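Two complexes come next, and they have one chain in common, chain A, joined by chain B in the first and chain C in the second.
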Partner chain A sequence: MEVIELKNADRTLPQRVKEFGGIDLLACYQCGTCSSDCPVGTEFFFRIRRIMRKAALGLSEQVLPAKDIWCCTTCFTCFDRCPQDAKPTDVILALRRVAAREGYTPQASRNTSANITKFGHAVPSLEEIEKKREAMGLPARPPTAATYPEAIREIQLIVKKRGIAEIIRFNWEKMELEG
Partner chain B sequence: MSEDKIGAVLVVGAGIAGMQSALDLADSGFKVYLLTEYPSIGGYMAKLDKTFPTNDCAMCIISPKLVDVAGHPNIELLTNCDLLELSGEPGSFKARIRKRTRYVDEEKCTGCGSCISVCPVEILDGFNENLRGTKNIFIPFPQAVPLKATRRKETCMGCGLCKVVCESGAIDFNLTDSEITIDIGSVVLAPGYKTFDPELMKEYRYDHPDVLRSIEFERFLAPTGPTGGHVIKPSTGEEPKSIAWIQCVGSRNERLDRGYCSSVCCTYAIKEAVIAKEHVPDLSCTIFYMDMRTFGKGFEEYYNRAKDEYGIEFIRCRVPSVKVRTDGGLFIRYENEEGEIEEREFDVVVLSVGFQPPDGNRELARILGIDLNKFGFCETGEFTPLETGREGIYVCGAFVEPKDIPETVAQGSGASAKASALISTSRHTQVTEREFPPERDVSGELPRIGVFVCHCGINIASVVDVLAVVEYAKTLPGVVYAENDLYACSQDNQKHIQEVIKEYNLNRVIVASCSPRTHEPLFRNTCREAGLNPYLFEMANIRDQCSWVHMHEPEKATEKAKDLVRMAVAKANMLQPLKTIPIEMNHECMVIGGGIAGMTAASEMTRQGYRVYLIEKEAELGGNLRSIRYSLSGEDPQELLRRMIEEVETNPMIEVMKSTTIDSIEGYIGNFKVNLSRNGEKREIGCGVIIVATGAEEYKPKEYLYGEDERIVTQHEFEELMDEGKLDLSGKTVVMIQCVGSREEERTYCSRVCCATAIKNSIVIKENYPDADVYILYRDIRAYGFKEEYYRRARDLGVIFIRYEKDEKPEVTKDGDLLKVGVVDQLLKEKFIIEPDLLVLSAATIPAADNPRISELLKLPLTEHGFFLEAHAKLRPVDFATDGVFLCGLAHSPKLIGETVSQACAAVSRACTVLSRPFIESEGTIAKVNELICSGCGVCVAACPYEVPELVVNERGALVARINEAKCKGCGVCGCGCPSSAITMNHFMDMQIMAQIDAFGAT
Partner chain C sequence: MTSYALYLGCIGPLRYPDIENSIRLTFKELGIELVDMEGATCCPAPGAGFKNFDELAALTVSARNISIAEELGLDVMTFCGGCQGSLNWANKLLQSDPERKSRVNEILSEMGREYRGTAKVKHLVEVVYEDIGVDRIKKIANDRLEGFKVAVHYGCHVLRPYRVEELDDPEKPHMLDDLVKAWGAESLEFPEKHTCCGAGGGLFANDRDLSLSIMRKKMVQIKELEADMLIDICPFCHMQFDLGQMQLREKGEDFSTPVFYYNQVLALLMGFDRNKVAFIENTPRDDVIRRILATERA
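Moving on to the complex of A and B:
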């Protein structure tokens, strides 16, 4: 059994979660509603109740680097069911924001973010697909931001201004991720 | 405030709270108007099958109260009525009331049920939670009070069949609603509650036939319910193999604006599971819960028995939803305590629905000008739970806060004390004492027995051949008259019996009907009205003992009914008139204990107009309240303490005796003699009633290094240190450990107050030192009622709650100068080490050390744990089995200040039912000693549970037993034990009993 000295716990975590949108984290009374009806939890060992618990206790080292918080599909079932209105989905999202700022963004999320920054779309356009689309009589590119250079520039502006580039460590010179 | 106060009270709501309030008021010299919107009194309790934790049948214990209310000369029933307006001022109100017509003349209706049997229209039966049908003209349940039919106009097809069959001509479709105005001095509110509607939580699939609300399941368990007490899976009608209970449906739920705990659901779910298992032994019962809140007296033991003896499974997880398989079966998915997701199928799912305010609460508040709290319950103060904030209007029961039956009964009595205190100078001004004609002397007459055999509607007559029993009765020796009655107990039949007694010059009366426990007093009074001594009445119970238990064997049931009637006649031939004697009584009260319970009781008693001796063994008043410095709501307990001390010490009607111990108590109700010592000085006082308010103590822990380090304190000690400014907790870490000395093998009960206390003190710390870390280590958080709100507040403030298991307790160690607490978090299964600067132990509340001595002095029983044992766990929470002695506060069991105040007022109300009488009347059925035969052996002295017989040397110089007529309860133990047959029991004399036995053998 793991032994944890609570004096080493991160007292600032609940406050940071609050600041990033998980405003009712502390309302949680550990009833298990969220875990029990979580569609991800039935397939994987993903337990929202534990995440809520660790966040409230300030166990940053257990919560922030772990993959758990990135497994949530944000289906909002727990949000709807929580009897204390602790808004677990919001807590998960807030934890992601905190984790990201501490450099714990998973590579897949960084890649996706980089794609959006570069191409205006999470999935970059592939030449093969463009050919197929044209063969079917469709425009080569779907009518997403990726098709409109002006929209891509706007996205890049958001990425710059909101500090997302620093969080995912995006190099504007090379237009790619660092490390 | 009006000078001419009106000695009458309006009680709004006629469930168990309203009934108790009405009975207490009416028994202490006030006129009562008991109003309910429903056609019958009884409330929710009448719907319940059994009651926890004793598993008493609810109807069996409420039925005598229903009859008491129905027959009370000073209670006027206003059923099917609405309160429209209240005007005037405290002491002199006017209430305008609408009487909704039943379309049945209450004066004429005998409750025979003929109309019901012919009515062709079926409607849903609300009493049975719409689980079956009833007729459009109906009586809600067989024991309904008043037993009068009610027609629903909206659904009536107007065929008029009911009018045709009604022999008393009671039904009149042209009757209309009417209004009355009554004059009253005060008002008691007891409108009760409503259960949560699970339609608001679609995820629980209440639309599925096998998902039931707990109150529906209760009806399935009840013998008077839709299946006659047979537990079924509604979709198939088969016996279920598994049932799940889901707790907190509509409780502890912020999302639904019901952030309070309904307090009773945990224990009622346990009860339903246990009773269901008794019905279906192989049944698997599972209760899904968050915190098991069995905090009441005897509840924790009930929970333990359910687990250990009945094999009820308890799973700690709040169930998010009930799921339905494609084949219609039900299943539940939950996270178990190991963190695994499990799925389980159940035949039936019971939703433990919570309490919510009754419909019409806002309208009621508007009419009365009172405030409601944010949930719509009545707003009351933490220390003044019976007060609405408007003088002259008092409140009790679940409308104050969700609560169980004993607390409701206590508050019913408590509100009665409050309502009557206001108008105590007008006691006896509005009541009518029942006057009886002089008794006819029947000595020297041969027995002339009349036998009245009751149909009890169909209760008896559908099984027993009543006419055959009547014809048989006519053949028995001494019987000069016999007849059958549709309802022997109906009001009009009482007049009829009196006429028959006179016409046939009867001198013995037998009613063959139901239980003497509920109906004997009624028929005895009927005899008295006809000029007969009440002890010339005898009863044969041909309902419970014939038609109910032999319902499938009508012929045998009829034969048995004849046997019972023959035996009753044999005894009646031997019955003798008995005299009761009025005994002078003392109208003062002694209160033992000067804590908040005793001081409240003393103060309230003087407001009723009675003098009080307040006895305190310590040099100071206040008891445990002296250590309580904070409250949940922010009221100041020390201000309460100062106010109460000043009140009792300056009240000219209270004699406060501090540093005083009781040496002996003799006597009986109305006439107690008490010997006291104060610093070696002796004194004798007399009183008519005694209130035991001896309090309790905070346990001095042997656990967790208590006493070995000054940083380890109890909650009381914490409050004193904190309040006196001796703690600076800035940036410090505080750990609180719950259940220290409670819920253990040696002390199995829950101390009830500790969760609220820890929450309260944690909030105090966080509000004063936001940077302090507070951890509360608990087993179940029992923040019942509105205290749940404070549990939430503590969490919001950052207090961390860590649950531990009974078998894996926290470890407290000292590492050099460092205190260390190790605890295994039950969710994460990780061990936490906390280094507290202060460790606060939530120590058990233990019985006062003096309890055994007080119990000895007053011959009062104690519970296995050493608290005082009340007369009845459910319906007599502040009475003792010993008449004239009452109980309140921590002496009864651990409780919070408000609950103590309620109970103290209740004890006063109960005591006033005694003190308001001019004298005490002795019982007729008591033991008598024939001193010529008595050998003075003392067997009776040893055998009597009430310590009544005494050995004395009589005028002839013989050592004999003597029985005090006023004290004797007539239980008969002495008579059975007497080896020389020197003791006879009036009304149960050997020759009477032998005649019955002989008659049983004869055919």
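Moving on to the complex of A and C:
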């Protein structure tokens, strides 16, 4: 059996989780309702209950670099059913925010936010789809940021104000992710 | 006339514009005006976009979107679970939290915008159910889909978290079932009926195999029941089922349940041309569309 030495634990982690939105982490009493309801847990060894406990104990090295926190689909089933209202989905999102600030973000998640920064949309407009839109009598591009570049500039202002580019390592000159 | 500001999101207009068009056409015919929100952006996703990195950034992007509807003096109608989840979460949080609201408005003021918190954010299913109504759908369909077996998929963020959405019972929702039964069709019951499609939270892109295995679990049951079609109310869930089944077929598995957004079948029943409302697909729908159209002559 693995022994966890709590003297080496990162005591700042529960506080950081709280600051980043997982405000009720410590309400968890480990009943396991979250894990038993989780749609991901049946397909992969992904246990919200474990993540909640590890976060509360400050086991940063186990929680922050692991892919687990990025496997939650944010279905909010555990959020609705938690008898302690510990809001596990909020804890997962908070852990992602903490992990991202330590450089642990999957490429695909960085890409999605880079797309929003570049296009104002999570996915770019494609010529093939634009043709299909026109064939139906719709404008080639929807009347969104895909048509109005000033909307993209407004999103970029929000990105700059909130430091998202630094977190996902987005290069403004090249308008793409670094690495 | 009832009017809404139409919030388009990303996957609808940019990947499945036939869904967008089916909504525009059916709503127009049913007397609900949809006004475009010019310059709207990504919502920005409940667990795939900015919300992973900074809560206030996500709130500000959502608030900017909602402020466009506020300027039009209209409530927002979304047609995607994720968009509904993002915008309604932001709206309710900001309506009840003056401090967050003022921080959001501090940023929005630099682009000459203001979020006031005066608009509601509703998903299409609520508008169809409340403003159009089951009886009206029944009259249109005239039991034409009697004998059709339908698997419905609500998607997570239309229902959860309940304290945000406060719409239908997330443990046993009925709205979409009722709207499908209004066509005369049977709405199937199966153990995984209310399980997530596996696409959300960034998992669609982060780990395609894991995301597909979550979807597969549902599709196995839907296939066993020999469903004629799967009906969804979210373009992202729609993409997961439509594209995902093709990806499973490429791995040698046999999954081919036709997938429709609710309004696509409604549009076919209302007589709209298939080539304007349901023609973008990776999982073939020709046979079932032919059968739906054949009910008109019967």
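Keep this in mind: the second predicted complex is superposed on the first by the 173 of 179 C-alpha atoms of A that agree within 3 Å, B and C clash if a C-alpha of one lies under 4 Å from a C-alpha of the other, contacts with A are read in each partner's own complex, and residues count from 1 in each chain.
Operating definition for what follows: a residue touches a chain if its C-beta (ideal position, glycine included) is under 8 Å from a C-beta of that chain, and two chains touch if they have at least 3 such contacts.
Fair warning: this is a prediction, and the values are worked out from it, not measured in the lab.
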item: Partner chain(s) touched by A:33 [first = chain B, second = chain C, both, neither]; value: first
item: Which of chain B and chain C A:42 touches, first, second, both or neither; value: both
item: Touching partner for A:174 - first (chain B), second (chain C), both, neither; value: neither
item: Partner contacting more residues of chain A (chain B vs chain C); value: C
item: A:125 touches, of chain B and chain C: first, second, both or neither?; value: second
item: Contacts of A:144 with chain B and chain C, given as first, second, both or neither; value: second
item: Which of chain B and chain C A:97 touches, first, second, both or neither; value: second
item: Overlap of the chain B and chain C footprints on chain A, listed as residue numbers; value: 42, 77
item: Of all residues in chain A, those that touch chain B in their complex; value: 1-7, 11, 14, 26-37, 41-42, 45, 47, 49-50, 53-54, 56-57, 77, 81-85
item: Residues of chain C touching chain A in the complex; value: 8, 10-11, 13-15, 17-18, 20-21, 24, 36-42, 44-57, 60-61, 64, 85, 107, 110-111, 113, 156-157, 160-162, 170, 195-196, 198-203, 205-207, 210-211, 213-214, 217, 275-276, 279-280
item: Contact set on chain A toward chain C in their complex; value: 20-21, 39-40, 42-44, 67, 70-77, 79-80, 89, 93, 96-97, 100, 105-106, 108-109, 111-113, 116, 120-126, 129, 132-133, 135-138, 142-148, 150-152, 154-155, 157-159, 161-164, 167-168
item: Contact set on chain B toward chain A in their complex; value: 203, 248, 252-256, 290, 316-321, 333-335, 339, 341, 733, 773, 775, 781, 791-792, 795-798, 800-801, 803, 824-825, 827-835
